[in-house]
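Chain nomenclature is as follows: A, B, C and D, assigned in order of appearance, with residue numbering initiated at 1 for each chain independently.
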């Protein structure tokens, strides 16, 4: 178990980081902060937690930031922090989607590592611009918090695919049903619902951008496959909603495998029902986010087996990111923390100039561009009645 | 509980029935015979259990048929039985698909009720011919054994939809993964695999015909919806296979609801994983065939609830077809028997000229034609890269 | 698959049987009749379905019995049927417990095979008297419907224990929670509750006799162990109840293994929650009656595996009593039918003088006496504050 | 959501704490440290992480402690820290059981708050001595990490019992099967196994002390009941083992309710299978540690319902200790962190002299003494063949 990943830490100390977004009333900012704390690899020292100065101040004070490191302007923050000797080495971006691009751009240009919430940006154009920018800044690490890929049993699944335990992959079945938008919640003033159903802040994809991309990224990560074309149908079931609240996608992967994604925000009875199933010529696997410590594996012609995090059958990839013994469940925050800790190791490797161990994995700009291309293709395909569209 | 449905039985006795197909080595014939016996509403008295005379004789003797009621020619059987005073009132057709049409035709023309295995026929043309024939024979009852609609919790689900407990239906999600054809089993001489992957005996649909139709019928039955158009992708993952072994279908229902079906014969880890989920504006339900005594229901904003067969929350429609108390599981054979018993009551109503109680329900020619139209549309849509196709 | 076990049937025909008890309003009688029909090995021809002549007549007619084979006096029935050339070969006894002994005695003395519902009798004395009687009547087969031992996955479990797959057995954990007697239902006139909570008709054990014995028999059957002493606590949680509605038992098995049984009729949330777990030095298994097609097996140090009825890992013992493929659930009635069909094969072997195949298994007088000794010891132990008591 | 419980934090800052035990190679120390970090209410500043000076130094450095706050002698640490202006306010004790008492005593006497791992001490005598000491030190807070009582759904269960939703409690069923000691692991040199099976370091109870006490405490916490007497059987299934590896306990609670606990370390197939079921006159609940975000509740006569952490039906007690939305699982570490955060609030209340909100709950000396009395009574009862023994 890699508790507190202490070997590097001893000599290097924690990574100083800041945050843009995530002030009072926000949701995902607090998740990022806990994720950064769990393995004790980060120190939270600066923030532009809100664009509203008063709120930024109140939020920063509540979180114990020093007065001179509480900002309301992310540009000012990037500039000031880059100039300090003890300035932040990394920034977490936890704003609504439309702010991902400008904020990321500012910090990348300032030479500060970026940990950005997903999806990457408002549109594919921005995504490609960030990709281009990062090519010019090879020393800046860019991570995208597709946090589900941090779950140990997802690492296990990927490892099993890589090891050929499933044979040649035929089918990737992903689904992510939720029900929190089954009514027009956005009209009640609920903040999360408001921006997520607003094209100006969310981009052209609603459900497809928010949870469809997660599902797509997870399928790609586990299967090791890349989609070449897709056919999608986006639906807004709730009257008056400006973005899709349900999406059905067919995928053609390179090499002949096929995939299917269903994501929905109106499927009554589901909280965060992310589920991934992958079928190959030699076996099939099944994983469900709500019970993330279990991976079901059936070898062709054999019995279904339960591989548990920390238990029999869990291999090296899962063990690396496991903290407590099997039967003691880890959850969402630990999965998220794994992404943060992987990034920390990458940052430390940069510091020391060491080559990064291949085992250390986190989603980055490639996943981000692929995700935006996925949203873009889904929206286009759906507008043409599900026409097959290149990704 | 409607055990032995005795009220009618007292005066009328059991229904004499025969069978075409289902001799030694077959699978579904024995299932039909058990289903017919469970509620004691039928008497098995005649059979053309095989087209091979020796096998027909051996099979018939084994099952205790009198020598003069063992046939190898279904036409001879239809003729002889129709002529006898104690001739069969109904015939069960349990042959491969290509024989459904000619056998059904012969018995309908002879005025004998038909209980036919699904899918209805080899193609849509035959289906419509049978439909036309039945219009000319209004006294002949035609039942199609979409047996899953006989499960008590499926009746419960339909009743809840009818009662508006789910509100307006938005989404119907059906899936039916299996794995028995994950390899080229048909090349090993396995009988079931051989005819089911052979277009001459199965028709133009493989997986879509065998289990896709079941899923489609079940979704329609529970939701009360009718599909108007669909987009399908049929795949043959196993090299050299002549028919599809995996199918992905999008459905547009009348009124704006949408549906999705995934059926597969190559999804390693699944035996008969039929699952149906229906989501409306007020609630969602979930049912799985492998655990058929449970129906999960979530009212909008409420907690997920477990309705059990025979338990709290099970209404009149489920209770009618329930034999044993909650917690004592009923299974596949009881669900199948419910179809048989419903048909028996319809036949008895015919005998006595009484009007059939609306509560008595079984799939018939309408389901059969819809099923063949579904297969036909899927095949056509898939050939055109998933083009939306009228059903 | 042993569908319709036809080899014997061809030459011998069905077994003629009758029933004592099980008239209109009863529960378990109908279960026995369905169980007898499922595999088509029995013909129901006579009955003393009630001690009330009018009710016996109405019940018999409803079930299609000939007028001259409808009795209200079981002694008259035993005598008359024994005298007929076409008399019954077997009788099913489905009365409340207090009638098991006199009825069984009458039919055994008349040379008629007996299939008796459990528990065997009102007390241990009667049980031993029946045992003695059967020793004098070696040609009479006596079966006790501990139906749970007929489930295929229970056969599988027993076979695995016999084959040493669990190593030396250490622990047998059985539980059977129900909730139907959580209130004083017996005071509402509910028939089932009335006799089951009445010592005159049920015997000295309430919950312990009704479901405790089932759990005990099942543990013994699967583990192959015999209890030598026990410590029990019987409780009547519902005020005014004359018999126990909850029982907790510790068991010491011969050879050092230990067991525990908890059965309850007041555990709100459980319908028929029978569960058996057996742990040995090399592995552990778990089975739940509500989902009877699954057997969970964990080899020491390995992953939990799901053995399914009809699926991978199911051995000969389970396959013998399996009718439909894996994933198509069988249930309570099929398990019950397996007992009936096993008994039928024993009766046919008697007819033909053949030795019974060791694979054919059903609970009999030994289980019955052990069950009564179990109840007896539980009642005595509980009266002495859980003192260890010989079984 | 009480993320970062920031209201108090704003003015008061983090609590400085140290640790005794938990150096390199230990397990539970790292769990405590993560638990302390998750909500950012603690700062780790001192430690006697090992009694071995070199190991203490290496461990302390790895964890970033200043050289002058790395100790190998807990007495020296208590003295030095009490003397510092910036000394620790609390200490976490994560040694094997035999060291709990002397370490706790030293820090309590030094006026430092204690967070101690369970069970409280080596024996009941020590427990009572600590209790007496704490009475003399009313300003010292003592917490015992019965961490399972920190799970939100356990809080929910307790709240439901308090609110009368289960009616009068009749039965408490707790079980905690594991399998890690199914072989004589202690003979292989495995550190955890070695001390846990050694009476000198563990005390008189093995399994009963390690996980039996957890189960007992959890049942008491949720039900609000106190046991007055018990009957226990302790078994050592593995040859040569000095302490019990399996325990079966009957409990009589004040007021007439009964309880049962089964804990085992040899139940092959279980990792940490803690499960609690409570049944009352009006309802029953069920909770399983491996899936801690679910609480199953069945009201008498109603349907089983799934209450989820963060979802519909979760009340105030659960919401207080919830971080992420329903469907995003929290786990073992978050439950543990809840205990830490509750204690932090108690410490902050001490600082400011405010009265502690009744909603803030954590296990303390009372639970500790009760746990030791439980072990003591179990050992005594078992020695007398399960004689009922006062707790």
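FYI, a contact is a pair of C-beta atoms (placed from the backbone, for glycine too) under 8 Å apart; a residue touches a chain by one contact, two chains touch by 3 or more.
Predicted, not measured: the structure shown is a model, and the values here were computed from it.
Peer 1: So which chains count as neighbours of both chain A and chain D?
Peer 2: B, C
Peer 1: By CA centroid distance, what chain is farthest from chain D?
Peer 2: Most remote chain from chain D, centroid-wise, comes out as B.
Peer 1: Roughly how far is chain A from chain B, going centre to centre by Cα mean, in whole Å?
Peer 2: Averaging C-alpha atoms per chain gives centres 44 Å apart.
Peer 1: Just the number, please: Cα centre separation of chain B and chain C in whole Å.
Peer 2: Chain B and chain C have C-alpha centres separated by 34 Å.
Peer 1: Could you state the distance in Å from the CA-based centre of chain B to that of chain D?
Peer 2: Measuring from centre to centre gives 55 Å for this pair.
Peer 1: Among the residues of chain B, which are close enough to touch at least two other chains?
Peer 2: Counting only residues that touch two or more other chains, chain B contributes 270, 304, 308, 311.
Peer 1: Using the touch definition from the top, list the residues of chain B that touch chain C in their complex.
Peer 2: Chain B reaches chain C through residues 1, 3-4, 6-7, 9-10, 13-14, 27, 30-31, 33-34, 37-40, 61-64, 178, 270-273, 289-293, 308, 310-311, 323-334.
Peer 1: Which of the residues in chain C come into contact with chain A in the complex?
Peer 2: Residue list for chain C touching chain A: 301-308, 311-313.
Peer 1: Quick check on the complex: what are the chain C residues that touch chain D?
Peer 2: These residues of chain C touch chain D: 166, 170-171, 173, 179, 182-183, 231, 233, 235, 237, 246, 248, 250, 258, 260, 262, 264, 266-270, 277, 279-286, 296-300, 304, 385-386, 388.
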